[in-house]
Amino acid sequence: MSAMLLKKEKWPEFVEKLAGKNIWAPQAEGDAMRFAPVAEGEAPALDYNNTRVPPKGALFPQTETMFKFQPEGAQVDEPQLEQETVVLGLRPCDARAMAIVEKLFKWDIDDPYYTRRRELTTLVGLACNEPGMNCFCPSVGGGPASTEGLDLLMADLGENYLLEAVTKKGEALLTETKDLLDEAGVDAVKEKEKLVGEAEQKIKRTVDTEGVPEGLPGLWEDPLWQKVSASCLGCGTCTYLCPTCHCFDIQDETEGLAARRCRMWDSCMFDEYTMHTSGHNPRPTRRERTRNRISHKYSYYVDKFDVIACVGCGRCTNLCPVNIDIIETIRQVKEAL
Amino acid sequence: MKMDLEQLRKTAAEVAAREEVKYLVGWKQGTYGYRVAPAFVEDAAGAAELIFSPLCTANLATYLTLAEQLPVPRGGEPDDRKVALMVKGCDSRAVTQLLVEKGIERDEVVVIGCPCPGVVDAALLAEKYPETEEPAEMKWDGENFLLIRGGEETKIARNEILAEKCRLCRYPNPVVSDIMLGEEVETWDLAEDEGVQELENRDVDGRAEYWAEQFDKCVRCYSCRNVCPLCYCQDCILDRLNPTWVNRSVNFSENTAFNIARAFHLAGRCIECGECERVCPANIPLGKLNRKLAREVRDKYDFEPGVDPDAEPFQASFKPDDPEDFIL
Amino acid sequence: MTEKPKVGVYICHCGINISSTVDVDAVAEFAQKLPNVKVARTYSYMCSDPGQVLIKKDIEEQGLNRIVVASCSPRMHEPTFRKAISEAGVNPYFLEMANIREQCSWVHEDIEEGTAKAEKLVSASVAKVRLLEALETKEVDAEPAALVIGAGIAGIQSALDIADAGFKVYLVEKTPSVGGRMAQLDKTFPTLDCSACILTPKMVDAASHPNIELLSYSEVEEIKGFVGNFDVRVRKKARYVDFDKCTGCGDCATECRVKDRFPSEFDQGMGKRSAIYLPFPQAVPAKYTIDPENCLYLSRGKCGKSPKCQDVCGAGAISFDQEDEFVEFKVGAVIVATGFDPFDASRKPEYGYDDYPNVITGMEMERLVSASGPTGGKVKIFNGEEEIEPKEVALIKCVGSRDTSVGNEYCSRVCCMYVAKQAHLIRDKLPDANIRIYYMDVRAFGKGFEEFYDRVRRENVRYIRGNPSEIFKRGNKLVVKVEDTLTSTPLEDEVDMVVLGVGLEPRADMRGVMDLLRLSQSPDGFFLEAHPKLRPVDTATDGVFLAGCAQGPKDIPDTVAQAKGAAASAMIPLARGKVTINAQVATVNEATCRGCSFCVSICPYTAIEMVTVNRFGNEVEVARVNEALCKGCGSCSAACLSDSIQPKSFRDSQILPQIAALGVLK
Amino acid sequence: MSANFEPNVVAFLCNWCSYAGADLAGTSRVNYPSNIQIIRVMCSGRVNPLYVMNALQQGADGVLVSGCHPGDCHYMEGNFYARRRLGMLKDLMEFVGVDPKRFHMSWVSASEGHKWKEVVEKTVEDAKEAGPFEGFRRRQIDW
């Protein structure tokens, strides 16, 4: 793994070098940061904590056109994905989430949309020096400088960014931009490790997941679900903003006589998520839905892919309008075990 | 204003213990930082955790209609016990409006009124006094708010962090209640609705540009709808596929349609509790839409929702002399 | 039920009415490609028999189950095509019409534009027709009785015809007596029958007919319900005279302390009456009425030592503590025969009606020449010094008619002839007088009218073509300032007396009836008929009909003819005993209804009520529609936040695709 | 805006007054712009205000709702409800930046064929001035 240094003042040039590619980076919209395509000639600022909306849309768009069609024997048109994309500045937790989600999209059959996008995308992460108040990535197998899921990791060393390639794609990106880069010495890497260590120290909140994946199914009828879900509004904030939530719905939409089939994010917290045509809903209340959300992340996914589908980014807890706190919920689960 | 917590908890304990009461919904300290969480109190003991503070922004009236109505097992009886609810002035208007719309019946609810000197805008507070994981307390202290955390007290001028809805509040005292806690507060001088006025002063393209940016951010999580005490259709038309009013796909067109439809459905119904804007993860200033309509309803139609339980619903009534200067 | 839609599209040439502006073949070709369209054809006259056969044949042979007809307005031929397709076994409500004539070919000139628009309209109709639902027509019993509002000649005639056919009639008259305007007239043109002589027997018949319940001095307060089932509430105003005891002797009026003090309505204020009065000698019913505003006892609480009428009434009929009474009944049909108001001549101040006593209106002239009138039929005027027989008489036509300055663009239809008639009557009484008629046109279009006009002219009545600009006083004389437009001569004719041939206007109090029955006005202000040619006695409200001058100015024979027509129409539901109720009613999805009852507040027909239903063991309130009362307006639906109440055939799920079809073909 | 731009206007007309008025315009052979497409509803009160939004979303450049004059509603009050609801919608649409020229409401009676023509001309002219509606028009399928 090669490590390079990029002087901060060269950051705009670095971004410029990538011209021709679709660049995704955090964009400020008031205090609501989100990942979005960067306009040409703009260098994204990287001094942010984390975006409200995770970057998962770069690989798994909120709405994706699968194909277009016209009724009654007209043509069907499948969009071809060709555009190379670089996602800049995603946090290690979000990158880890992509690695976790990829397990599903590449499970028994490859999901062509996700796979193709991942092929075309280079993920450039940014290590966290200042974790947020509800961050708990170390508790769930991550860390402020985790490289899992990334092609390249950047770290903010004050004057410089340290760039470490994780994959060949990352290497390629370094090659592409080598004119702007300097070889990084051992000191730089040590400096990064020091910062990461400090960052880990700053993470105050923790979750103890021991026994949780095995224990959760046994809590099916536990009163804790009623308690946790009583105040739930049934909105999609926690799931839409969760980097590992990947549920989607497929619908046909019409525009006059033309139509398209598209898939779009769905949320298991919505009542119609499990609604049957008959009107029967096997998850009739927020209690079952909340139970499912937690169980899916902390038990079912572990069962299937051997990893907790929560990366400890803290978004659901930060943004839940009624303070449903996943850290607290897991604590209650532990207690009930 | 002095909030007597003891009195609050004592009253709540008494109400929650009543046989006719299923549970009482109030506020409790949240799990971290400035958070306050809704509390569902089923017995007297549970009342000990209740609070009422400048951080109690949430309008709990939404829980009157949020609970799913489950099938009653054969031979069983539906649980028709009352729900007790703690309300601020604005929240109480939601209760009144629900009475108008028959969303609830008066005898299904026990309303505990909490006269409210105004709550804080937690986001603004966090911006000026960064939030930490440590749970913080807050109190009213005359013209100030008192922030208490880590044993330290910080005085913050009221106007610095007062929520926008409170700056414009005309009903700090509950308009409906069974039990009133504490003394009525005096109403205060109203601020101008600068957010709305600033937009009104733009030309139509300027407004289009502004809202395009806002609606583009919408992730369609439906938290604005779900938190709204007056959005309580079991089957929202914006979820429906036949007919499709709004496609489920997330893009500027559908997001705009969604937001227009949501705001319009609240025309003459919105009681300006500001919850939609507070919960929006994309920080869309939804309150401006609602307040604009609420003001038009007030100014042009001389109507105010949620103040008179016997009022005719705005959209289901008319006056022969309603304005028609826009009609050709 | 969920058979796949197979749509047939039929595009009408309407001779060249459509095809001259719309390329109908191009539209057919276009329609053929629309989703679910199986057949698209054109034909010269789709509404003709062969046109209908064409559709029916396709239905049978091609298994069509939805039909779009692109032709004229659905207001014209929707029933025709509904009938046609139902004869071929397709539910009549599986029809959608694209209006490519009234709203396309007739209003656009460019064939490209016309064709493009016709295509859009067809496309929208196809989009909708695929989503329509089969509806069933239902029937409910009709009450075999009718309400007639107004007992002038129109109301009396309608009532008599319906009653003679064996149905109960409630005849409601606002004033104390039946008879209306016709009773005030002296002779009738052109035959010169005595108005009273021909009317009075009918008045008596109406009052004594076993099937007619006459409610005089009464007003309709409320009408609810729908054709076949109207619930009526009538206020019987207090006469302060016991109806059953009063013998009509008239002693009370003679003894009244304020005897002959008040202008008689019947005599157009030219005669006087007492506070207790019979409107006119032949009044029916012949029962006295106390005018509470002028009666000393009723207005001031005191009339001498005791009211004289009470003292003299041998029958003991005076009853000062009488109160208004209400009667309620049910009818199947309603006839509105509320008549007209004569034009108020004060609105033409240049004619000096308010200033000069010898300027009178035609209605006043009727009373003046009537043998039963205030002067016993003598035409006399007071010239400031003495009562004389006028030597110079002027009659002016079109006062308040055909005159945009007073807002009346229409011709009142009767003035030409009544002015001629009055000239004749004046000639009769004043053989030596100079009689001039100022006119714009003479419209003598009716049976015997032209002949009568000729006769009057031969009686030395001068017709001067000109519209007088002013009437003013010069000495004892009135001067009519006018230009004779045939000779272009300005004239200042000095006369003794001027008769203003006032026109007919909608009644000032018609708003009340409009609101009761949800009727509209036509531009002239009279009640609007359902169709000016084909449904002249019907209104837009089913089961409500128009007779007489309420619908527009007309003479007595026309009034009687229309009254008989209205009676015949009103009797249809009565005779059938059943009425078909609108199938396109609102319906509630009880599963999604949230019970807010907005719809209940909105419905003007009280057709929606809240009911408690059991939803999986929970009792919930939902809205429910009474289909017999619902008119299908859909106002409820637009306010339903959960879209749970929807008018059939106009559901959101049917309209939104129409919008889409119109938008996309931009 | 291009002078040649021909707007697409969708109109919702009540069956009894405005639709009949438009029919009368036809019977009287009154000529007016062909850009207007009529959707017939029974009463202006039927017009869900969200139709206006939907029409713009689905490709209209202008929308018109027309009903009976106040007091003339065939269903007595439908147009009063329409007036209130659509008045509110108009305020909202303007506030979110939809050009007020894109939405009109009118009273046209069954006898006002000429007024109908004027209303159409005004509506089309205004929509023309406002230009093609790009705002939140639905356009995810571009073919």
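Each chain gets a letter, A, B, C and D, in the order it is written, and its residues are counted from 1.
Assume contacts are C-beta pairs under 8 Å (C-beta built on N, C-alpha and C of every residue); 3 or more make two chains touch, one makes a residue touch a chain.
Note that this is a predicted model, so its numbers are computed, not measured.
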Does A-D or C-D have the larger number of C-beta pairs in contact? C-D
Centre-most chain by CA centroid is D
Between chain A and chain D, what is the gap in Å from one C-alpha centre to the other? 46
Cα centre of chain A to Cα centre of chain B, whole Å, reads 31
Per the C-alpha means, the centres of chain B and chain C lie apart by a whole-Å value of 53
Give the residues of chain C touching no fewer than two other chains, as numbers and ranges. 591, 602, 639, 652, 656, 660, 663-664
Would you give the residues of chain D that are in contact with at least 2 other chains, written as numbers and ranges? 49, 54, 58-59, 77, 81, 85, 138-140
Interface hub residues of chain B, defined as touching at least two other chains: 70, 244-245, 247, 249, 251, 315-317
Given which chains touch which, is the overall layout a line, a ring, a star, complete, or other? complete
For a test of understanding, state which residues of chain B touch chain D in their complex under the given definition. 199-200, 204-212, 215, 245, 247, 249, 251-254, 256-257, 259-261, 263-264, 267-268, 289, 292-293, 296-297, 300-301, 314-318, 320, 322-324, 326-328
The answer for chain A against chain C in the complex is residues 71-72, 254-258, 279
Can you check the complex and tell me which residues of chain D touch chain A? 58-59, 138-141, 143
Sort out for me which residues of chain C touch chain D in the complex. 73-76, 99, 101-104, 106-110, 113-114, 116-117, 120-121, 124, 514-515, 518, 520-523, 528, 540-541, 584, 602, 604-605, 631-635, 637-639, 647, 650, 652, 655-656, 658-660, 662-664, 666
So in the complex, the part of chain A that touches chain D is made up of which residues? 65, 68, 77, 253, 255-256, 258-260, 262
